[in-house]
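Below are two complexes that have chain A in common, paired first with chain B and then with chain C.
Showing the complex of A and B:
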């Protein structure tokens, strides 16, 4: 086994950097726009409610939450989610069958490279926020950030395996776009990307705990913000790992059956 | 060595009636269509041999290549390439073969070729010295030295094909599957690719299977051809032999006011057929000649082999 994985990561980073305009728009523009919209929206909500704290969130905390959500979501979905089904559809998937490597390993690496890249943005933006707020960077901030970013990486792996499982369904049904959209919507909605889970009714919060979704977005962000307890973090980590293993096994099973159906269309 | 025995492949697809009614009906019930792409074919190719796989669109040649490259599983029958079953995708096998597809890119589109090559070097575990030697040799021979640092998507079609060839041959494969390598290329690029493949075959002696619709590719590169028709091999032998086997035929090229057409006619009925043509058409010109290799293969693909 050589260290080809290092070169896959390097190639993926080169791909990210290949388009300057897109890079700056994604890295800076998108985050700025999202934060401005979220800030204006929640300021209006707080003002109209006449409250300083809502479900345990102040306006500053809510701003930070919505600053971290888009970057965390990008870590989660990367740029490669959706590619596999497209490659199966148009036949470019052939290359992974010809090269002497495991396509699972290759795809996971390319996927996690994007996650790690956005992880850097996550760290940078968080530090900038702390400096901008005048709070300074404390050791506890650094520890929380490290834990939160690590949870996001594991969550990214779990989401990647879930996405791979769904994408492999395209070996049976050519077009799985709707399934991917549903997967993304459920992950983000029940993951707390659209609004913190504290705003959900209690019965729904309890049900959602049995799914992987709250551990994909909400938990890593709350950990980064220092809002999650050690027990919550430890439990969340365990649950994430179990879901990741289950999704990986399900994807392998699907591939072991589906590969007989693949006909390499497009060549 | 490639050994194929009674290889069969059946594809399943669905039929949809045209129009809105057909679309709605297909939502509930779809009719299956079974296509036997390969009908129990048998073939043997020795190390160092290059064969041309010829057939009309949908004849089954790409299916055979896909099975031998390990992309597709066969329905029944066996095939071994260098002692491996291709569809088991053993890494030891994959390190020794390559598939070059004229219509599909395998190198990374957004990266310069050299970046893709570095990645392939690691994937195929090519030693440094061999990698350097091969990049230099291939870039020189294919005349793409100046294009190696440009994003692949910005290269011309011909340059991209050459880069694809380089990428596929960096690891010195012992088995090469070439699927339409000159498709869409201009005449000089076609010539360059053919010349390169000829030299490469002489130097490295891989097993090569070439599928192409361009007879020039076949004539230049393949002393042996296999003609495939509707999933069955109708001829497997020397290219020169085909011409000899069909040697008792003459080809008539007839020019009328409306059209130009060709007819292959057995030598003994030449006089009869010629007079028939004169009486049925307003002939401006008629030329009698030996059929070209293209005519012969076209005739075999249409009518099968003469017994």
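Showing the complex of A and C:
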């Protein structure tokens, strides 16, 4: 079992690609639709405001921002979030207690496999954008993309641990998927997925800096676009790692207390 | 008709008693939807810090539109959404059999069986926000227009239901877990934007082919600006056409259903 992780990754990739038609239609459709709707809205706003630059963003930059948001968000949330509580609910959680490997390692690996898969799409889409825009692929583009995608992977780990913490609450409560949805609303809205955080009033921008949210979405995207300074990236990386450790510790604490409440037959 | 009304009353009774079994979940769902409403309101409030008009509407006109789509969303979450969630499961597991052999329309049964009691509370909250946005609207308005707005929003709910069904029905062929529901929720963003921002082929897509623009934006436009006959005709034709397409595809899907071996 030394190479158990290889089998887990292969199984997860097979799961992702099991329904290829659905997968590609959903992926291309979601990306395309979100960018078209966002561009239409911002074009109307730029026209109404009579400006070419708003809060440091041109319409062109805004289009790129909204091209990266849906794929980055997919990286962050993966598709494996939300299953744990259901497994606890119906008793299929038993299998993790039988597997000869750590529950946390297994769950983290399955989660990050999804993130890495969407990470490849993130890189592909950004390269396609650069080629079709006629800007070409420059070394600075590649470095920014590498930094942005890496930040997204760390953000995915942090979000995965936050999700795990919330899902483990289901060892006490019957149904917690609503908490997951609330977490997603907060992460995406205050993370800058709905609009760049520069558009928030200053007082709100200052408050959200004390939360993990801006480092989950806004920072990786701004880094990919080359809008974040080196200091911002370094600070953000440090903050992300601290939040990831905190969420991991909180999830471990819940697991250590909650596993004794699990009765193995479901609810 | 009376038989269906009686059946629906049974659905309601069953759904409320079921919702009360999970009280914590019941409360969480209400909080979740309230957060969804707040995020949507906040989004437009923040955008209006940077411009006075979006697609020709002022902030208070936009709030009428926002409250309209939140109300349509609440209606659909209450009446249809839980049923739509379970439909792919029934098709894939062959459990559709139990609905096909009953002496009522399977579409009626499968679309309305589960009434979401917690969302009903949110429907009241959404209606409160809608009433507030109308009451604080500073320009003169007429009661007939308000009545027309409500009727058009009910029509909008049916359009929303038809499009959602059209995204779920492909499960008859693909046998995937959710059909194109994720794509539907992304497309749903078009309902949350004023239809005037869409131009060219995108406008055709969202006002004719997948008419999300007709769900709340057209009704709000009717209340704020009024309609000409051509727009009414457009709304009626597209709504009726969509209903016919949905029914045809549903029957087609049923013919393709292979029971437990699906």
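Assume the second predicted complex is superposed on the first by the 264 of 267 C-alpha atoms of A that agree within 3 Å, B and C clash if a C-alpha of one lies under 4 Å from a C-alpha of the other, contacts with A are read in each partner's own complex, and residues count from 1 in each chain.
One rule holds in what follows: contacts are C-beta pairs under 8 Å (C-beta built on N, C-alpha and C of every residue); 3 or more make two chains touch, one makes a residue touch a chain.
Everything numeric here is computed off the predicted structure, so don't read it as measured data.
Contacts of A:263 after superposition on the shared chain: chain B is touched, whereas chain C is not. By the touch criterion defined above, A:48 reaches chain C but does not reach chain B. Once the two complexes are laid over each other on the shared chain, residue contacts for A:131 go to neither chain B nor chain C.
In the superposition on chain A, A:7 makes contact with chain B only, not with chain C. Residue contacts after overlaying the shared chain place A:249 against neither chain B nor chain C. By the document's definition of touching, of the two partners only chain B reaches A:95; chain C does not. With both structures placed on the common chain, the touch criterion links A:173 to chain C but leaves chain B unconnected. Number of chain A residues touched is higher for C, counting chain B against chain C. The contact surfaces that chain B and chain C form on chain A in the two complexes overlap at residues 19. Interface residues of chain A, counted against chain C in their complex, comprise 19, 21-22, 25-26, 29-30, 33-34, 36-37, 40-41, 43-45, 48-49, 54-55, 70, 173-176, 178-179, 181-182, 185-186, 189, 194-195, 199-201. Across the complex, chain A is touched by residues 22, 24-25, 28-29, 31-32, 35-36, 39, 42-43, 46-47, 49-55, 174, 176-177, 179-180, 182-183, 186-187, 189-190, 193-194, 196-199, 202 of chain C.
Within the complex formed with chain A, the residues of chain B that make contact are 11, 62, 66, 69-73, 89, 91-92, 94-95, 97-99, 101, 103-106, 108, 110-111, 115-116, 118-125, 151, 179. Within the complex formed with chain B, the residues of chain A that make contact are 2-4, 6-8, 10-11, 14-15, 18-19, 91-92, 94-95, 97-101, 259-260, 262-264, 266-267.
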